[in-house]
Amino acid sequence: MQLGMIGLGRMGANMVQRLLAAGHQCVVYDRDPAAVAALVEHGASGAADIAELCAQLAPPRHVWIMVPASVVDSVIDVLEPQLAAGDAIIDGGNSNYRDDIAHAARLAPAGIHFIDCGTSGGVWGRERGYCLMVGGAAEAVARLEPILADLAPGAGDIPRTAGREGPPRGAELGYLHCGPSGAGHFVKMVHNGIEYALMAAYAEGFNLLRHAGAGRAERATDAETAPLANPEHYQYDIDLAEVAELWRRGSVVSSWLLDLTANALAEDAELGNFSGRVSDSGEGRWTSIAAIETGTPTPLLTTALYERFNSQGEAEFANRILSAMRYQFGGHHEKSA
Amino acid sequence: MQLGMIGLGRMGANMVQRLLAAGHQCVVYDRDPAAVAALVEHGASGAADIAELCAQLAPPRHVWIMVPASVVDSVIDVLEPQLAAGDAIIDGGNSNYRDDIAHAARLAPAGIHFIDCGTSGGVWGRERGYCLMVGGAAEAVARLEPILADLAPGAGDIPRTAGREGPPRGAELGYLHCGPSGAGHFVKMVHNGIEYALMAAYAEGFNLLRHAGAGRAERATDAETAPLANPEHYQYDIDLAEVAELWRRGSVVSSWLLDLTANALAEDAELGNFSGRVSDSGEGRWTSIAAIETGTPTPLLTTALYERFNSQGEAEFANRILSAMRYQFGGHHEKSA
Amino acid sequence: MQLGMIGLGRMGANMVQRLLAAGHQCVVYDRDPAAVAALVEHGASGAADIAELCAQLAPPRHVWIMVPASVVDSVIDVLEPQLAAGDAIIDGGNSNYRDDIAHAARLAPAGIHFIDCGTSGGVWGRERGYCLMVGGAAEAVARLEPILADLAPGAGDIPRTAGREGPPRGAELGYLHCGPSGAGHFVKMVHNGIEYALMAAYAEGFNLLRHAGAGRAERATDAETAPLANPEHYQYDIDLAEVAELWRRGSVVSSWLLDLTANALAEDAELGNFSGRVSDSGEGRWTSIAAIETGTPTPLLTTALYERFNSQGEAEFANRILSAMRYQFGGHHEKSA
Amino acid sequence: MQLGMIGLGRMGANMVQRLLAAGHQCVVYDRDPAAVAALVEHGASGAADIAELCAQLAPPRHVWIMVPASVVDSVIDVLEPQLAAGDAIIDGGNSNYRDDIAHAARLAPAGIHFIDCGTSGGVWGRERGYCLMVGGAAEAVARLEPILADLAPGAGDIPRTAGREGPPRGAELGYLHCGPSGAGHFVKMVHNGIEYALMAAYAEGFNLLRHAGAGRAERATDAETAPLANPEHYQYDIDLAEVAELWRRGSVVSSWLLDLTANALAEDAELGNFSGRVSDSGEGRWTSIAAIETGTPTPLLTTALYERFNSQGEAEFANRILSAMRYQFGGHHEKSA
């Protein structure tokens, strides 16, 4: 099948390579001509601009956009006049599902389909396949299935869920039509919200293991230092890399994120290349906003997000207020680190 | 190798079967003679009481205890007089690691080894193998390795962590000597703390997906009901079982807990057999206490625990206070459900 | 000064009475004629509809709206054609500050001022005065000062903040021009976000005091019940009403919310009139959304909100998932209450 | 009445001065002779050591200890041999209530009473009076009432709780016998747990107000930066000192902690003397441990504690794990500050 791809960053370029390997025909464009050239070497057709990309596609055209969420609008501005009724735009990036609803409404009068596709898999997706969460009109999504099926991991050798029988179907193939416009990015958004909390769960646990020798540290005996009643309970020196490796086998907490943690700790148990400033990229925020608006309690998902804000330094003024209050009522001076 | 097993509940009985299948010789005892009889049929030697169990073992004896944490003390009381210097007791249950420290100290004068072994794997362990986190003196743990190796899953076909080479070693075999007495249960404790938070992360996320149609509900327009500005953003009807299935393939959140969630939702997407009263069994509490005592921030781990308390009804009086305050300052009356 | 008031619920009616007592002239309207009649008896001029209300006011008119947030738009629809350049609308209810920005923009072409005024004080405000957080153009707010000053508590006998000298000024008078359109409701929104967390802090603490005798309860010894290592540490029977009363005197946690809690507990220490279903009314949600959008960590504010959702039953499906997972991996059955 | 005081730090010395001013006779001791000399000038009797202090007291002796929790044991070691049956030791510091239970049991055979007294009031207590939470045997507490009554604030001019009549009684006097040994410190512990959360609620709220202009900042358009959909909603410049002042008047969030916050912000709205490293001193930890052991959900109280740990740098390794995971699955590099 023929597909146009706009945006050849880490994600877009890998997806094109996976599609080329599966025998699809890809016409590609990126602001950076070098990114286009690299894929042309792998068999893609390059385009010098969006109009040229559209011109190379036979109707009904399918144009996949893989760009930062904040740029999607301007790409659609350029793209829309180049397309005709029956064509389809797929936003495979990390857009807010609300924008999908707006985009679909905007393109509907021209008869252009808009499909939103949440894409999970990261840098591993080219090899493992991408987990695809799709929203939009059923007939438009159906037409795209050859592409979706080859981007997705397929059923693979994952043990089958109890009760499922017959040939693999639906979600077992690694892609899912989740509902009307926005449904794909909605599910992807919640996926990322969960991801933040899963990550934080492991991070907190390993950090606690790292504190297992806290009883060996000297403690000041002043009113500013909480006493430790039983230092003999905290005399351990746990090998975090070995524990991560261990838990991959037969434990209740085994997961792909744990596999990655084991990789990272095996490389450097001190994680010395990282300072602990953790970015967040939108979906975690939107997940919590959706939870708030729908009245759904998600304390872990949101706390995971706030801990990232905290790592970015955004709690600092709050903490200064706390120290100021303590000074006001108790004459407490801050301890230095 | 020869092993005595005291406590033939779900866990203990399955472990004996796995060991018998691996060719070990097991002498077993339980308060319930039927549990003993069932394993005798599979090839174990039964004992009518703990003294008889010990008498059937050749020194140096290894006696594995698999009983509720609150009963371990009384079992050791009976067991100690039947053992001799060089023998070893293994507590494979969910004991507090602090008790291990005390038990090891108590048994040391008699020359009896005490090994703590955190055991993960649940009802699946018999088939998949158990993830074993072990604490105690190195020589005693070394002597137990034939048992540990056959209870554990082994290296299996799990993709190898980057950078590891040569024959599988250490944690790759599925069991780990984590440190001196208590270290095994300490690591298992943190494992369960993480488990609580991982579970809550999925639960919150799926609950949010279930609320994706919240915009379709009628809302009262009174001061007691928060308005929903954009009901058109919440019109979805997401198939949770399909989403769980999907995320098992290529997504960042794939895990064994997700596999189990997919199983449960495939069976009944409404989970009608459950009312939502969630038990907690000790390790989650101890994890948070350890975090507090060592000054380690673990907001997700502890919030997951508190949400379980909440599900048990323990927030009720706090909520009545909130309603009473609202009535006091605003004349607000509680809405009925 | 002359003021029109639309909306004579608990808040609006009390505010009119406070203004009448201070010598202002009030023209009042409500959908419910009885509410109008009641205030006419106290000296207000009644109006049969909004047009009549506007007709009774001399330009430049000031019309204060005190209605549920979801109705503000429709009131403005009716009001706008009745007003002229130089007139002012004040939204004193609990509107989202974003709506203020839109309302001000909508009314600007007609030369009508829009002032947003967050109003705290609840049913006590008539007597104590209202704390007023005001947003809008400086000249329009200045013109309203006679009204603001008499609605507000004034400096009163509250001990003066260190470093403030001379006659009371600015916020010391109990009202504050916080900034341009929306700033008043923005500050009120955060005020309410803080309020939720303050309330929850007391509620959690008193609930914990109520659990101080937990060591006296019988505990099952099974794998579903966390053991309590030292029941002798939880043998207290704390008198919550007395503690609330005590903390009002000289303690660090004294506050108006604590005064109200003492009132409620003195009346009925069991709070038997309340079931624990706690409403939330918008500002708490908007506060958390603002925190998320600005990248500000507010874990307590948001958790307080989620606990209200939980009290409304919205965690139930999440909890069923947890129980289902526990059954899947451990064969654990739910305990009944 | 006669009282011995051991420990003349900020709290002990102020309490002695308050008692001297009320006409009590105080015998005082501190490791630092200058602290003793300073109070002798105010009319106290000084003692060179604990034995001399006891010798100056007439039986039945009352010795109040006001030292760090970690030193109480060693003071009792020295004190016990100097006392006789019928004497009483009062621990007025921030001890763990569990230690009170042990201390009372230890002293009981000698007929020495042990009273635990949680003391709130900080540096303001000398002037405002101290809020006293007392545990121990009823007759011993009764004998101490002249001291308790004069240390406490008394009924003062605080508006009376609805429903209370007749002369002020019980907690209205500012001190309360909460129950048997440990009950006083138990109530004080929960008091401090609440205090942490109240402080954090204000700190989070003011920090959010400080972020009200976030829409004016430039934002990178890359995958590492969450987009802000409506920067026009965050254009405010809120005067925090004025808002704190405002909320002291008529608002629902007025409190003594807010008064102190207003003081601090009036002095320096930037709080430039503080870096944001917030100490915790034991009670907050013990409160959360009690919540966990009794199965009481206290998510705000514990999160407030964890945020302090975070301010002390203890989340750093957890954050490095998060960054390492992001790098592993997405190739994301950390952004610099």
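Letters A, B, C and D name the chains as they come in the text, with residue numbers starting at 1 for each one.
The working rule: a contact is a pair of C-beta atoms (placed from the backbone, for glycine too) under 8 Å apart; a residue touches a chain by one contact, two chains touch by 3 or more.
This is a predicted model, so every value here is computed, not measured.
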item: Fewest hops from chain B to chain D - one hop per pair of touching chains; value: 1
item: Pair joined by more contacting C-beta pairs (A-C or C-D); value: C-D
item: Most distant chain from chain C by Cα centroid; value: B
item: Distance between chain centroids, defined by C-alpha means - chain A, chain D (Å); value: 43
item: Averaged-CA centre spacing for the pair chain D and chain C, given as whole angstrom; value: 29
item: Inter-centroid spacing, chain C versus chain A (mean Cα positions, whole Å); value: 37
item: Shared-contact residues (touching 2 or more other chains) in chain B; value: 122, 200, 202, 204, 207, 211, 226, 229, 252, 257, 263, 280, 285, 291, 293, 295-299, 303, 307, 310, 312, 314-315, 318, 329
item: Overall pattern in which the protein chains touch one another (line/ring/star/complete/other); value: complete
item: Complex interface listing, chain D residues touching chain C; value: 97-98, 101, 120-122, 125, 128-131, 133, 152-156, 158-159, 161-164, 170-176, 178-180, 182-183, 186-187, 190-195, 197-198, 200-202, 204-205, 207-209, 211-212, 214, 226, 228-230, 232-239, 242-259, 262-263, 266-267, 287, 290-291, 293-301, 303-304, 307
item: Footprint of chain A on chain D - complex, ascending; value: 9-10, 68-71, 94, 96, 122-124, 199-200, 202-204, 206-207, 210-211, 221-227, 229, 257, 260-261, 263-265, 271, 273-282, 284-285, 299, 303, 307-308, 310-332, 334-337
item: Touch list for chain A against partner chain C, complex; value: 252, 285, 288-289, 291-293, 295-299, 302-303, 305-307, 309-310, 312, 314-315, 318, 329
